[in-house]
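There are structures below to look over.
Two complexes are shown next, each including chain A; its partner changes from chain B in the first to chain C in the second.
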Partner chain A sequence: MTHMRVNDLRAYYTVEQNGLPKNIRAVDGVSFEIEEHDFLAIVGESGCGKTTLAKVLYGALDPVLSIVSGSVHYAFDDSEFEISPVQNTLPKAWWKKISYIPQGSLSALNPIRKVGQIFRDLLSSHNVPFEIKDVENHLKLVNLSEQVLGMYPFELSGGMKQRVVMALATFLNPRMIIADEPTSALDVVTQRDILWLLSFLHLSKQISFVFITHDISLIPGLASSVAVMYCGCIVEYGPVDEVFSKPLHPYTKFLLSSIPRIGDKTEKKPIPGAVVSLINPPSGCRFHSRCPNKTDTCENSRPNMIKVGSGRHEVACWLYK
Partner chain B sequence: MVSNVLLHFEGVHKTFRLGHLFSTNKIHAVWDANFKIESDPIVFTLVGESGSGKTTIANLLLRIIKPTKGTIWFMGRNIESYPRSEFIKQIQPVFQDPFETFNPLKKLEGYFQIMLKKIANSGKKVGNYSLLEESLGSVGLTVEDIKGRYPHELSGGQLQRLSIARSLLVNPKILVADEPVSMLDVSLRISILNLFRKLRDERLLHVFYITHDLATAYYISDYIAVILKGSIVESGPADKVLTSPLHPYTKLLKESVPDLLDTARQKMPGPVSRGVESSPEYSEDLCKFVFRCSHKKGICEKEAPPNITADGVAVRCWLYQ
Partner chain C sequence: MKDFLRFIVRYFITRLLISLLVIFIGVSIIFLIPRLVPGANPAEMAIRRLQMSGAYLPADSIEKMKQALLKLYGLEGSLLKQYTTFWKELLKGNLGPSFASFPTPVMTLIARSLPWTVGLLALTALISWVFGTVLGGIAGYRNKGLWVRVLEIISNAVRPIPYYILALLLLILFAYVLHWFPTGGAYQIGLTPTLSWTFVKSVVKYGFLPALSLIIIGIGAWFLNMRNLVSNITSEYFVTFAHQMGLRDSIILRSYVIRLAMPAQLTGLALQLGFIFNGTIITEIVFNYPGLGTLIYTAIMQSDYNLVMGTTLFSIVAVAFATLFVDLLLPFIDPRIQYVSG
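Let's look at the complex of A and B:
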């Protein structure tokens, strides 16, 4: 069963620059599908639109950010939701069917409420009775003792706060979680624990995940499929083993080869050039200004996603037409 | 003092007091730090998780705070004995967040002009940019790149290069870089790391690199020290320490680094027992890792382990007694 179907989604921010309205084309033509129990990782550099994509997928639109065209369609066991330029029905499903772990989840907790009260707030706003036993059992799932219920967020360490946020996100048994850089502020040991917890929740509670990160080395062993994002577009998509063992897009190749590893002292090459602007993205393939294999076609027309290999591996590059 | 020692931390302690007059808690942020940096240019790396005292050591080295006990020797003299004007020409910092290093309201050229005036020790505008050109040149930028521009017009990687160039103006002996790449993207990260290597080889600069990321530490460092709760638990040549770690904590850190090529890894390793994050870990008379260590013996809880040196690697653990 397909949980989420994203169809040529375009979402722009409208800002004013020198008195003229400008569009920041943060998500520009993204399509993919997420099956039940899937674990999709979206990887990209900062400023490539990955957090905007997460916000749009969660239906958290605001006056500045709007969907220009395309749609996101959700289908859970008994209900369907749709986000498109004309309607957004997803907020009805928040917390119960789909949850969001925001990027600054360390500051997502209300600083003047105890953790127990935060749980109470969540449950009362969804008309679910507050049973202290349920909450305590649920906290055990994320390796927290019930003592944290009587503590304020500032009394918890970064890793513990992240666990509280994850406990809140999973309490009403959602079918899908969108996690936006949940480990970016944590050190390696805590990061490992949180990633383990994500894959534990994925396997034991059968939750589908969309995991957004800038650190490509977190993905093997965690996700089942990966989407590489560059400048508002997805340039490569496929099962993790295939993309990591046989990267096709030049950008993915660069990303993979620029990661230092223990036991490897050879000099790594940085990706040439800089991230391009989302206000005036280059014509044609957006990576052409940094690409070593560019041709005239790359400058003029934008490549579409083409299926290669097993059929689940897709790449948007003229090299593979 | 041997003349070829550039920097020597000799039994340095730093204790912070928490609380008020009658109930004070002592926190040993740095506990008995001993290490030497020889005069051959190297990249010296200090690794540890957050809250381990890495930044406190940087602050001690930059003379921002004074040690409670012990002495820091620089070129055979106590660093306290240098006049400030002389000291800042020897040891220079590079900060974590390049976006906050520069005043956003000042043009970069004016910013550097102030520094050139200070160096020339005159109130007049400095027209000769040869010094600036030289230091910008060694980070791969030109004066044209900064003319008439504000900090927000440059990318994070360029700003971090500029902040390194700023430090190089006075031609220092040591560059103290506190998490210089943690705010940058993978593609820019590697170019800054390559720059540190280049500065070491071409300008014979010592880089005191502080990080929590073992993979980048391995990539650039010659010598590495692992710090845990204020005490340096293992130090030695980077190759030896990271390929065959001795201390259980270093082993844990190394295991926690996600390995990119390990696509066969099906599941994340299980969580690590965190133990209690309370003040006993900061106390003097036990091993700092005892609450999380799987090899602990009776003696670990009674007495702090001595520094044991074997084969060029110093380790602070009862296992190797």
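Let's look at the complex of A and C:
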């Protein structure tokens, strides 16, 4: 069953620049679908709009961020939710059906409220009775001792805070979790533990995941499908093994060639050029200024996603027509 | 746990000693300053007052009178001797006689003014704090909405008005034009201060305008303070995340926003209560209200050392203990502030 359908989503920030209103087109025409029990990784460079996409998928708009067109539709066994320019019913699904692990997890907890109290707040807000045994068992699941309940977040390490946020996010048994770079502020060992935990929650609780990262090397062994994001758009989408073994888009090839491998002696080349502006994105394919295979078509018209190979692998590039 | 207790006791004792030292130094300074100011001799002042009232005093008797007065006031002998006698008497609770209203004891004068000042200022401080904090909290949390705008406009309009103008405006409008309230005093002349209903009613009626003026100014200040605190806290990510977890609005407001503003607001309140013993001279003058402010002012003008000492002593002790209280309280209301052995 399809869990989430994203349909030509465009979400812009409106900011003032030199006194004039400007749109930052951080999500600009994104479409994909997630099946039940799927684990989708979204990868892209810093500033390409990943967090913005995550916020919109979660329905967490703010005064400067609004949906211009398109929609996100969730279908669960017993309920459906949608966000579009005209409505946003996602807040009703928050934490019960969809949870969010933000990029800034480390500042996501009230520093002077004990972790146990935060759990009480959560449960009373969702009208669930507080059973200390349940909470303690749940903490064990994310590898935290029950002593954490009596501690203030300012007394916790970064990894512990991340686990607390994950424990909070999974306590009400959501069907979908959107995790925005849940490991980026952590050391390598803690990072591996957290990734393992995500995998474990995915498999044991049958939760679907949208996992956002800038580090493509984290994806194999974790995700089942991957979306490569560039400058507000998805440029390639498909099953992880297919994309990793046969990358199609030149940008994906660059990302993959940048993964360090033990014993690999070839020189790592940086991707030429810098991320382009989201205020005035280039015409045509947004990657053309950095692309080694660019043609005139690339400069003038934007490629659509087309299916290649197995039919679940899609790419937006004029090389594949 | 035992370590923690030892820690607290040590912390408490160091803080207490520091406060006592502050009081000692403050009182010593207050003892010295008037005695070192040239031309502010209370005996000469008293003689000048006599002369001004028209009495003729021959030159040689002036000098004799001066010596006699100094003896009477306890101001003879070396500074050191005066200083030691002063501390001895002070520790017995004796502040000596007032020079200007000789021989009334300073304690009696202070006891006459103190209840009015403490009653008026403590009450208005608490009322303004409660209203300012609540309104500011709501305004900072929902920074949109019509009546939040209205509140903001009012508080911004009131803010630039100097206090004495506001006080005079209230006085002119409600006392002279509308005749709703008396023009001055603490209670109706002729009544004797007892706990009778008539007397209490009169006190409330006479105290209303001074209290109102202080409350308006006080609410404005606490309102703006709290609004800024709260709107800063509200922009913290953990508040956004609390919403995203689906927490109930009332819980977020109480435990994720207001609670975090409390340490700063309570510190402010405690310090303000500490400053009560300075009185509020403008209020006392405009509304002709009895209080410590006027007492301190006249004591200084008349070189009434003992009275200056007495009134200032109360301020110094109150401020020192308010600070001590805040130091001891803060670790309990903000767990991030830890006792540091000092």
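What we mean here is this: the second predicted complex is superposed on the first by the 321 of 321 C-alpha atoms of A that agree within 3 Å, B and C clash if a C-alpha of one lies under 4 Å from a C-alpha of the other, contacts with A are read in each partner's own complex, and residues count from 1 in each chain.
Here is the rule we use: a contact is a pair of C-beta atoms (placed from the backbone, for glycine too) under 8 Å apart; a residue touches a chain by one contact, two chains touch by 3 or more.
Remember, predicted model here, so these are calculated numbers, not experimental data.
Peer 1: Answer with clash or fit: chain B and chain C placed together on chain A by superposition.
Peer 2: fit
Peer 1: Given the touch rule stated above, what does A:152 touch, chain B (first), chain C (second), both, or neither?
Peer 2: Touch status of A:152: second partner only.
Peer 1: So, A:91: does it touch chain B (first), chain C (second), both, or neither?
Peer 2: Touch partner of A:91: chain C, not chain B.
Peer 1: May I ask you to decide whether A:281 touches chain B, chain C, both, or neither, giving the answer as first, second, both or neither?
Peer 2: After superposition on chain A, A:281 lies in contact with neither partner.
Peer 1: In the superposed arrangement, which partner chain does A:168 touch: chain B (first), chain C (second), both, or neither?
Peer 2: second
Peer 1: Tell me which of chain B and chain C touches more residues of chain A.
Peer 2: The partner that reaches more residues of chain A in the superposed model: B.
Peer 1: Looking at A:214, would you say it contacts chain B, chain C, both, or neither? Reply first, second, both or neither.
Peer 2: A:214: touches chain B, not chain C.
Peer 1: Taking the superposition as given, does A:116 touch the first partner, chain B, the second, chain C, both, or neither?
Peer 2: Neither partner.
Peer 1: Answer with first, second, both or neither: which of chain B and chain C does A:191 touch in the superposed model?
Peer 2: first
Peer 1: Tell me, in angstrom, the smallest C-alpha to C-alpha distance between chain B and chain C in the overlaid model?
Peer 2: It is 5 Å, taken between the nearest C-alpha atoms.
Peer 1: Can you list the residues on chain B that touch chain A in the complex?
Peer 2: 49-50, 155-158, 185-191, 193-194, 197, 212-216, 218-219, 242-243, 252-263, 265-272, 274, 277
Peer 1: Within their complex, state which residues of chain A touch chain B.
Peer 2: The touching residues are 45-46, 143, 157-159, 186-193, 195-197, 199, 214-218, 220-222, 240-241, 244-245, 254-256, 258-265, 267-271, 274-275.
Peer 1: Quick one: which bits of chain A touch chain C in the complex? Just the residue numbers, please.
Peer 2: Against chain C, chain A makes touches at 58, 60, 91, 94-96, 100, 102, 104, 107-113, 117, 121-122, 124-126, 152, 154, 168.
Peer 1: Name, in rising order, each residue of chain C that touches chain A in their complex.
Peer 2: Answer in residue numbers: 236-238, 240-242, 244-248, 251, 255-256, 259-260, 334-336.
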